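Next, two complexes with subunit A in common: one pairs it with subunit B, the other with subunit C.
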Partner chain A sequence: MTDTIVALQHLSRHFGDTAALLGVTLSIPRGGVFGLVGENGAGKTTLIKHLLGLYKADVGSVTVFGMDPVRDPAAVLGRIGYLAEDRDLPDWMRVHELMRYTKAFYPRWDDRFAEELLQTFDLRRDQKIRTLSRGQRARAGLLIALAHRPELLILDEPSSGLDPGARQDILAAIVRTIADEGRTVLLSSHLLHEVQRVADQVMMLHRGRLVWNEPLDSLLTRHHVITLHWPEAVAVHPVLPGALWWSGEGTEWTCMCDGEWTRLKEAAAAAGATIMEQRPPSLEEVFLARTKIANLPEAQS
Partner chain B sequence: MQLRISDRDGVPIYVQLMRQIKYLVSSGRLAADEQLPPVRKLAEQLLVNPNTVARAYRELENEGVVSIRQGAGVFVADGGSPLARREQQRMLNERIDVLLAEARQMNVDEETLIGLIRQRHARIEESAR
Partner chain C sequence: MTTRTVGWAVSWEYWRRGTMWFVPAVAGLAILCTTLLYSALLWRTGLRYADLRHELDDGLAAFVVLPAVVLAIASWTASRRNYTLPVSTPVLVAWTLLNGSLASATLYAIVAIVLSLLLGADWPLLVPACWAATSYALLQSLVWWVGRSRGLLVLLVGLFVGLVAPFILDQLRIHLRQLDGDLVRMAPNVPGGMLTVLVPAWLISYLVSVNGVARDRRGDGWTLDWLAQAWKTVCDWGGLLLRAKAAPPAPPLDQEGTGEVQAVAATYDTDRVPCAEPAQTTRPKRKFRSPQSAQFWLEWRAKGRMVPLSVMVCLAWLWIWFSIATLQPSDVDAAWGGLSGIMIVLAPLVGLHLGADSGQFNRRPFSTTRPLSDGDQAFAVLKNVALVVGGCTAIWLLGLAVTYTVMWPDHGAWQKIQQAWAEGPGNFCSDYALPFAYFVLFVWTLCALGASLALARGWLVALVGLGVPLLLTVVLWIASQGGPLIETLLVATVGSAFQCAAVILFAVARVLRLISTRTIVACLAGYVVLVVSVPTALGLGSSAVERSLALGLCAAPFIPLAAAPCALYWNRHR
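For the complex of A and B:
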């Protein structure tokens, strides 16, 4: 019995001449929240569609629960809860019809839990999907993704365009899912402060490549935002190990560095600067610094 | 127990939780033997990952701030007072360091700064009367 929920080996996928995924290798173990981040078009949704068996790998392999989702869709999808960004639901159904219809696909559908979610989300059974507000539509999508208590919950940009109340319900659903022993959440999102709030591990895709995959805490604590002060104005900041960007002028400069704190302190002292302030950056700040560097022309080759 | 989590800066959430719980203990707002909320409940209340809450509790246990009693829950540790004093000192030191750095920037020397502190202290004592 493997405790790897998802395993991708050298997964590549092209659409015409465009590479959507390039040699992505990763595995997602059971239990925890895995944040998937990246710019628009970085390959996040393409990756997710491979997990759902909607795309077949050009190169490489995809296994979910030890099975191939293209060859064994029913067995794989029966254990996944999925909320898509477009929240594509049958408009002509009523809420209770959507529930009954979805239940048919999931042997482990939990009627009591579904009722509870209906109450929590303040949805009316007889309401037409077409007439739901954007937030209520997302909640209906979340209900059918959760009510069969999936082992793997996949959320693709679940909060995009939603009001704070609906976003809170989504976060609460993630927390509840993970609180139930042994369940796993894959959260793809642009709302990096939300990812920072709930993720154990963060994976970043950039132009189809996996550029990091590491525990959130280690990612944040190995980056530092430092403000340095020089006794006299300097025209150009010094070179510090692992510096990702600089801003400032004259006697005071701020930079973000990736590196060990004691080494940075030594380097700053050697450059004749006093460290005035040091703080860990947010996930959003690390993300922006990393994408900016990856997008520089010299990084492309 | 009222805690607030900021997701706008990079201080890991388990560290934020640890700091706030230590503050509540050292300021006496959480008493010895008082029970803390279960991991799941606190996670759902704060909308953070339960693993993060569990980690904060574990690290607080290592530091002797709380004790985790199997099956019973998480409690503020007994004999918290030396810890409380240490923690109080740590918090004051943090503030003092900031004050010293600012004074240095403004070319205010140590003696002047101490004089200013005495003045402020006298003012507060007076207004408290």
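For the complex of A and C:
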């Protein structure tokens, strides 16, 4: 059994003139939660669809569990649990019919776990899918994605449009899934505080390119939000190594920096400033700073 | 925003969201099927072209009803996207109905004009177009009025096809009988008497539509509350009248509630439509034998079973019509012939419905992410098509048998069938069973090709709907212009095209591992059986051209078995 369950090599995909993915090389090892973040249109769903075999690579290769998902969809999809962004379920089915139907495809379907999830999610067996609320549909989708204990769980925007209760259920399900040894979760989400709560590793796509792929801890450790104080008002903030953004005015300025803490301290002292406060940033702050920089005209050129 | 602007906006949205492609595509498919059917009929009977021209007139009825059915079902839920517009329901409904009526009339007109050019159908334009527009309005109002209930939708479409459509056909036939000569038939005038039927029918449709759409816009479902209320009012009035006649002393209001108060309360409770309490208990269901059987179940439950059910309901309404109307056996023959014709013309459209995924041609994530190979998913669709064709055929045959046995046992055609049966299975098989089996195979081919097309990407459906009739028109035009040599070449090309398509599709499917060797062998065996039996049954000569055509036609029923997996592969993995 291979330790790398997903391997993308120089994956590129174009839709007409628009580049959805550009030379993405990525490998996801077995075990852990991987957060996939990016702006709208960054290529997250396109990447997920390549993993599911719904898109063929223009350039490069995709292997999941060592197989090509386009050549062998049944074998690959049989080991994946997938919750689609649009909660696409057959409206005419009842919940128990959905479970019975889905069970047929997965030999490892766990009836007891399914029943447990049914109760946890407060779904009734006789309810028709079309009568379910958005949150209940998400729970029903999650139920069928989880009940066969997939080796890879792919959640595409699982929390969008959901109330805190439903979001909590989804997060709990992720935690539950990773509690099973060797399971992997790929979570694509706009809600970065949720990604930060559960992810071990974060990947950021920006305009089709993979701009980060590193463990969350190391990402947050090497970024700092610092508040600097000058004895006299300064009109323009100084240049600090690794500074990503600045805010403030007069004598007090706040900046986010990417770099070694001791070097930053020395640079601040050299600029005549005192460090008033230092704290680690949230993932959302890092994301916003990075996106802002990536969207600057000079960065694009 | 003025009414004119709203009207233009709603009209623009109506045509732009797909009707402008849908109308010619449906017309194209209908023309294609009619031409194929007509050509097959000419070929089968060996009659001359001119001898069969009058047969086309039976098809006129089908093309007046077809636009109504297709457009009304296609617009079943489409108006919901406009509910949030700041437009009043009467205005919204009026413009949608107007545009739909125009689309329906246009659809009929396209078919009538093209078939007149191609086959010399010489159908009148204006009067049937008006009937097509009104039929659409009638059916659309019924469809909107039932709201979201699929069961009622099936019932009402069945009612329309079985009861209203024959009435319209009858009216058309009367109208055509009154007209003498081709010049008068094409004259652009609508009889005044007919207007007194059409205009009120359209207005009633409008009022019913406004009621249905307004209710749906409020978010209310279709219930029988209003019926219960009406019944209660009638009972109350009846009770009052009876009491006024008998004039009994009014009973004292008892404090304990043991007298009439309790009885009235009990009556009230029984009259009320109870709130639907969802049942908590479920029957334990069997497990599916395999993923393939689960997928087949999904196809059948989601799309398949509606089709034989609709045929059954249509049949039930037809019997009611047969029972209440004074009909001659020739009228019954015409009705059966017309409705059978509708079914054949509808076969590719039914195929499109069976192949589409929840009403969409582009596959949705739920079905594409099932862990099932492309071949297995496509075969589940084809199995569903086979069951639908088989089921509808069985129901239709049963209906035919019951109609003639119960209502017209002395009918000549029915007695001939009984006589053939009495003479022995050999005669019966050669005279009736085999031709009928070929006919079913023909319907299967149309339906399965439609399903295979729907499994491919959405734009291909429109392209084929428009392109194939165009190609056919060009081919027929070339055939009519050229001499026998050109005609021979074209026939040989058609035969070779079918054979080449079959070989290429099977080869592609095999290379992509979408089809098993066992299936290919079974198809080959079936093909050999057809090649041996079909030319004899159809009375084909031994010339190379006729042989080539026969070989091509025999390959056609097997093409979907390779085309469907290839189409799904192409659609699923983009």
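The criterion applied here is as follows: the second predicted complex is superposed on the first by the 301 of 301 C-alpha atoms of A that agree within 3 Å, B and C clash if a C-alpha of one lies under 4 Å from a C-alpha of the other, contacts with A are read in each partner's own complex, and residues count from 1 in each chain.
By our rule, a residue touches a chain if its C-beta (ideal position, glycine included) is under 8 Å from a C-beta of that chain, and two chains touch if they have at least 3 such contacts.
Computed from a predicted model, the values in this text were never measured in an experiment.
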Touching A:Y82, do we find subunit B (first), subunit C (second), both, or neither?
second
Is A:L283 contacted by the first partner subunit B, the second partner subunit C, both or neither?
first
Contacts for A:E151 in the overlay, against subunit B (first) and subunit C (second): which applies, first, second, both or neither?
neither
Subunit B versus subunit C as contact partner of A:Q196, first or second or both or neither:
first
Residues of subunit A that lie at the interface with subunit B and also at the interface with subunit C:
none
Of subunit C, residues touching subunit A in the complex
150, 278-280, 282, 285, 287-288, 290-291, 293-294, 297-298, 301-302, 358, 364-366, 368-374, 376, 513, 572-574
Hey, which residues of subunit A end up touching subunit B in the complex?
32-33, 168, 171-172, 175-176, 178-179, 193-194, 196-200, 216-217, 220-221, 223, 225, 276, 279-283, 285-286
Residue set of subunit A touching subunit C in the complex reads 52-56, 70-71, 73-78, 80, 82, 84, 86, 88-92, 96, 100-101, 103-106, 124-127
Touching residues (chain side subunit B, partner subunit A) in the complex:
5, 7-14, 39-40, 43-44, 47-51, 101
